[in-house]
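Take a look at the structures below.
Each of the two complexes below includes chain A, the first together with chain B, the second together with chain C.
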Partner chain A sequence: MSQDNILRCWPVLAALGVTTVPLLLQLPVWIPLLVLVMLGLRGWMLWAGRALPARWLLLCVLTAAVLVLWLTTKTLVGREGGVALLSLLLGFKAFESASRRDWQVLLALGFFLAGMPLLFDQSPLAAAWLALSLLALTWAMVLLAGAAPKGSLRTAISALLLALPMMLVLFVVMPRLPGPLWSMPHDQKRASTGMSDEMEPGSISQLIQNQEPAFSVVFDGAIPPRPSLYWRMMIFDDFDGRRWQNIRGVTQERMGLSGGDAVNYTLTLRPEKSRLPALEYVEGPSESTRMEPGGVLRLEKEGEELFRYRARSRPQAAYLTDLSLQDQQFYRRLPVGNPQTRLLAERLRLQGGDDAGFVRAALEYFRLGAYRYTLSPPLLDGDEPIDQFLFSTRQGFCEHYASAMAVLARAAGLPARVVVGYQGGEYNPVGRFWQVRSSDAHAWVEVWLPSRQQWLRVDPTAAVAPSRVSEEVTQAIPALAGGGAAGAASANWWRPVRQGWQALSFSWQQWVVGYDASRQQGLYQRLGLGDSVDSAAVTKGVLIGGALACLPLLLLWRRQKGLPPLAEGRARIVGQLARHGIAVRDSDGPLDIINKSRRLPEQEFKQLKRLFKRYSALRYGAAKPDSAQERAWLKEARRFSVTGKHLARGSPPRT
Partner chain B sequence: MLPFRKRLSGWFIARLPRESTCTLNQRRIYLLPTRFGLSLIVVALAVWVGALNYAVSLAYALAFWIAALLLVAVLMAYRQLAGLTLSGARSEPVFAGDAASCRIRLSHEQALERRLCLQRADGEGDIVDCALAPAASLDVGIPQVLAWRGAHPYPDLRVWSEAPFGLIRAFAYVRLDGALLAYPMPLADRDRNDHQEGREPSAAPRPTERDEFSHLSEYQQGDTPRQIAWTVLARRDVLVSKRFAGEPAGAGLRVIAWQDYPAGVDVESRLSRLCWRVLQCERSGQSYCLLLPGARIDPRPFQKEAALSALAAYDGGQPA
Partner chain C sequence: MQSLSLAYRQLNNLVLGKPRAIRLALSCLIAKGHLLIEDLPGVGKTTLAHGLAAVLGLRYQRVQFTSDLLPADILGVNIYQRDTGQFHFHQGPVFTQLLLADEINRASPKVQSALLEAMEERQVSIDGESHALPAPFFVIATQNPSEQLGTFPLPESQLDRFLMRISLGYPPAEAELSLLMGQDRRELLSAMQPILKEGELPKLQQMAAAVTVSPALAEYVLSLLKATRGDKRFLAGLSPRAGLALLAAARAWAMLEGRDHVLPEDVKAVFSSVAGHRLGLAGDAQSELASLLEHVAIP
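Coming up: the complex of A and B.
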């Protein structure tokens, strides 16, 4: 193929390549790799001038590839399958593109492809790559339309920048619908970063090292003290001797809160299995959430989209409920085994006296019992894991302590359950929000006190390692904080950077990724566009915003209309002269113009002569254009005007 | 072109006046998305629907960015035509049956480069592609076959541009009031040329020093070096010959007359033969005089053009 074809079509292939790259992280790697190889091969064919392969051959290869795709992902629809299929089809389309129209179709598909990675990732980085893809595609479009390579990048950039304000206005103003048009099958494969469905010592230890943000919280007013930030997420009510899980043994539980001040807050997260964390103890469900027995919040509908909800909790309240005898029985169930633990429970029960006394005695036992908080405890591989932990290894983290405490309480005849969630969080002073990470995951125990009819929160981990609750995990565990002074120093400079980045991603989450119908309505009210997002408000927004967004366009228009300074100044002077009946032809030089203007009033004529003397010097005298001087001259030329009205009425134009 | 589009463009054109110069502005420029532009609109819609369904906020941004880009493309396509001035330039006359080049001058004063296409409005003939530098002017020729002699009006033109993205086509119809002149198609008439004048063209008298200078005319084969106006050649780089007053004197003058043919010969073949004979004389440097009913073209500067134009414009005794 000709040189020109290479110049026009290579950019299209390159732009598609750039667009495909982020899919490497999201799809099975061979699919985007295959697409990239195909694009490269097509580019080589253009360069080598090879003919396109026969259509039946393409069809065969395509069928094979789609078959492999179907065998590996088991689906061709939905998010992953659909995106993979589309990118494969795009790669094959490149082998079918010969005419300019084909390439244009390919490019249009590229714009669609650019949106695909967003289904998986909406981080600021993904947005940056989207902008890069758009630039590449637009540049390819300019070149494909036949522009000269020089200046084509500029055209693409300026067009995108001019479109940017309009995009922002549409982004903010165009109404968002509260729900989807049709529901899509969710991919089950998605890596689960959060909580597991059961608790077996060791399963949370992997989480603690994971610094990934779990959710973020903004408090409306006063922030409760850090030690009382227990984010309740789920409860485990059944113990089989080794592992805790939730078998929903109690389906109804009336919850009453007494005392404590209420706090309002907004929580943002990507729910997993529709679990929502809430500060203990939440008063009731808000919109599109429901309350499950055990005081945990759940999302009404399944969904993995970013979700934001407001809640109202009373952290200092007492959780009152009256358990039926049957329920009490359920919460006391304990498999046989762990004899030493049972003995210890008896002893503590006697030591403490009543039920509250037992809890106190148990916590005291943990505090003084030479237990050590560690993230890498020895394995509990014996037949009696609780005995092994309490009496021989004595090392563990929240899971171990919570599990042991719950078993102790049950052995002592008190209803008890394990609560799993998060504890604490990190306050971000830049973004003024609380960031809770996977590493803040925590497990604690609730013991039901018959005397008070209350579920009492008991956190044995806090008794062993008080700093785990009052500070962050990284501080509580020396190994995580980094050893020695060097580690501390590096943490010092690193912290503001990290917090800045977090604040950025928080606002990103809040205002870009999480910009939904409710947020839009709030913004409409704040901007004074209207109380709700109705057609009148949207029209108003589009009109006002559109007008603002067009300002850069106007500026561009005015700027590009301008001629070089000398030409513009000459045109201005000629225009002035024409208004007063002196016609100047394009071919007239400075001397001709001066000659024609002899009938101007004295002063103006002198000015004109001066102007054109400098014009000649600048235009013809200078070896090299002096733009500063030229602009100065233009400024002067703009001031030239013929004021005398008598001239206009005087002699008719001489042409 | 589809019949519907033909009718539509016919309607556009019928509304336009003929004008010698036309500067395109918002009243003349039409903007429509190209097929590529339409497909990108579809893509933007698809991305938007996807954003809606998956609640992907950034996909909204992508959809709106594409939409905004289309709007910017509309403006940029409009700018490709806005402020462009078209006027008829001097078009060389041709002989009937030949393709004339209908010269159009494109000019503008804006500081942007334009990429333009021109074609006859009826969609026939080649598309002329051109690039216009900032604040410059350019002459382009639209090929047009002139089937018969006489003055032909300039064809109705369509000028368009899809630059810079190929998404939006800006187009305008233009009717310029210039004329293309077609001389009669020459028809060999060797007998009459030879039997009237017994002399060979090569025997034409050579000018002498004493002859009085009359005018300059285009160099023709056979002109002696002494006839060539060397000063003009040096100054303007064109080859012209001096003609002298004494040259066509007396017997040298050949008369080419309408009356040379019997009454039965029809007008067009008469004119074609006369045309051939004029050309023959011009080629051989023979001086001649063309006699038409109501007109007489004697030797004079640009006699060839005058004679051929008279033949082209002949309309039954009342030459224009």
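Coming up: the complex of A and C.
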């Protein structure tokens, strides 16, 4: 195989390699690896001038690979199976690519494959890699068409830039589908990092160590102080001696809020099990959400797409409700056991006097009781875990304190429940939003005071480790703070970078991934395209947007038109030839062009020869430049066009 | 014009399989330039020079250069005539129309510079007296690039005196076969008839000088010169004189192609022969020039 062919084909293989890389994160690793190895092997074969393997051999290997694929993924369709099959086939296609046309097909497949990682991941990083893949593929396409290596990158970039406006118009204008295009069943149960349905010692401390963003919030106006940012998500009403869960013992609860200023905010998250966090206390359900007893929000329909909702809360309000005797009874249920705790409850009850006094006394008890806040508390393996925690280990995390507090309250005869959600969050000054992470997960207690008919939030953790609420969790736990001054310094350096990245992904989620039907409708209305996204409005949008997107093309065309007639005509003819695989360089003179075009059909070749003879005479001849003649020549040059498909088939011979 | 193409065909019959070299040699002479042929012994340098002289109807002299050659051996010498009591100038072999200076790099620098001065001035000065050389006057010099021992390589400034440097190389197999099977070259040479008549060559040279160079083409030559000047692969770029030489050679080449104007392709055709030795490139290291031609856009 000649040097030139290597120069043309290697870029194709390299571009396909770039395109395959992100799949390493999404598919079983051996599949993308195999594809990469095959691409490399094909490149080596080109370099060594090896002949292509026999068809039957290819077929055998392919069958084996597909079989292994089927055995690992159990399917050849669906997101994972389909993408894996496609990338495998692409690798094998490289082994029967020999002619220019084959390589072109391979590149076209590559463009398709480039979009596949988006089925798994729609982060800005994935989009950035997509842009890289597109650039690589386009560059390879330019080189495959026979362009000189120097300046070919520029050509590729300008081609992509010219296509960019059209892409934007289509993104904005084309109707959004409700839900993602790839609404296929999930292939594997992905390990969920979210909250579990139960709370037992250890369930939240795992979350705390996870820095993954849970949701982001944008406040409309004033932002409540950080210590009052309690994001309620789940209510646990039943305790079995070890773990808390929600058995929905109370199905109805009339909720009334009194006092406090209202705060409006927008939350964006990927809901898990249709749970939605909301700032305490939310006034009512908004669009496509409903309210559950206990004042927590739920998504109307199950779904895991990115969800955004507006809510209105009154953080300083009092949560008033009248519990029936039966419900009060339910919220006081306790299994037998933990005698010491019961004794303590009685003592605190006496000490405090009334209900509110008991709560104060309990918090005081936690504050002064030499309790330590730690992520790695000793295991509570006794028969009386609450006793063990309160009186012997005295080390724990929010779930320990919340659980103990709720048990104490119930033992003292007060209705109580555990609330699980998030506390606090990190303000991102770059994107002006709050980022709440898994590490902000928190559990606290709500105690119902019969005298006031009010659920009162009681956070024993705040009594033990006040910094947990006033600062970030990483500050409260020395082990997470990175230990010492060096850690703090690196955190300072790292912080703006991290915040910048978060802001970027937040806007990305908001405007690109979160550009859904409702946002589109809003945009349509603002642009005056129509009140709804119907076919007339879409047509209008495509036409107007398309016209705008074509402006750069028009400018390019105008610039070409602005050339002197001879140069413009030459550029036109060169363009025609390029379409048929005859690559003309800037350094080619008229005779070079004629020589290169010998494989044109006779008719066209004669015409081309005539055109360039005349061109030579006009441009290099003795006669004075005559613009009338030059324009006449241009007119003729514009008529030149190559038809016929036989040309495309030519070029690199089969190795 | 017809006679020129006839001469070209004749030469092709004599030196087989080297149409491009022959065409370059012819255009060199038509552009009034001297020619340096750099090649191994026995590939047909002398035959080409001899053939050129024969078909162009030129008087021909050959000097084999050696290290003990003196300037007077080439230029000539004043000899005292006893009968008249005066000095009489005896012309050396340089007084001819076509001088073949064989293995020029074997001679001492003194001899080399004497010859090169004669090439440039087209006259010889001996004892304060100038003797004009016949017109036309060409030098075809040869040198063997692979022999280094006991040679005096021509310095760059003197290489500049040659319009072109070409090499012949081994003939292609077919041509070599017919060379082996064919008639003896010496016999062919002696049977050759001059094709150009007396005074026809100067006319052709005038015609070549009148071939049109359009502003667009001059721009192309300019960008070629510029490209050599900015390039790190070359010690120094091409001089303005080299640019003029390039144009002259391209004109002659265009005329040989039967055109009355120079095309960029004509410039490309002669470029490596005109520029190679001026840029200090070895005879076979022409890939730099080829890539240069590929990258300089034609305006």
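Methods note: the second predicted complex is superposed on the first by the 379 of 655 C-alpha atoms of A that agree within 3 Å, B and C clash if a C-alpha of one lies under 4 Å from a C-alpha of the other, contacts with A are read in each partner's own complex, and residues count from 1 in each chain.
Rule of thumb we're sticking to: a contact is a pair of C-beta atoms (placed from the backbone, for glycine too) under 8 Å apart; a residue touches a chain by one contact, two chains touch by 3 or more.
The model shown is predicted, which means the values in this text are computed figures rather than measured ones.
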> Looking at the overlay, does A:Q245 come into contact with chain B only (first), chain C only (second), both, or neither?
Replying inline: neither
> Is A:S274 touching the first partner chain B, the second partner chain C, both, or neither of them?
Replying inline: neither
>> Quick one: is A:Q351 in contact with chain B, with chain C, with both, or with neither? Answer first, second, both or neither.
In response: neither
>> Let me test your reading of the model: by the given contact rule, A:L170 touches which partner, first (chain B), second (chain C), both or neither?
In response: first
> Between chain B (first) and chain C (second), which does A:G589 come into contact with in this model arrangement: first, second, both, or neither?
Replying inline: second
> Where does A:M141 make contact in the superposed view: on chain B (first), on chain C (second), on both, or on neither?
Replying inline: first
>> With both complexes superposed on chain A, which partner does A:Q340 reach: first (chain B), second (chain C), both or neither?
In response: neither
>> After superposing on the shared chain, does chain C or chain B touch more chain A residues?
In response: B
>> Using the superposition on chain A as set up above, list the residues of chain A that contact both chain B and chain C.
In response: none
>> Per the contact definition, I'd like the list of chain A residues that touch chain B in the complex.
In response: 79, 101, 104-105, 107-109, 111-112, 114-115, 118-119, 122, 126-127, 130, 134, 138, 141-142, 144-147, 155, 159-160, 162-164, 166-167, 170-171, 174, 176-177, 180-182, 184, 305-306, 512-516, 549, 553, 557, 560-564, 567, 571
>> Under the stated contact criterion, what part of chain B meets chain A in this complex?
In response: 35-36, 39-40, 42-44, 46-47, 49-69, 71-73, 75-76, 79, 83, 109-112, 115, 135, 162-167
> Which residues of chain A touch chain C in their complex?
Replying inline: 148, 150, 585-592, 616-617, 619-622
> Inside the complex, what are the residues of chain C that reach chain A?
Replying inline: 212, 214, 216-217, 260-265, 268, 293-298
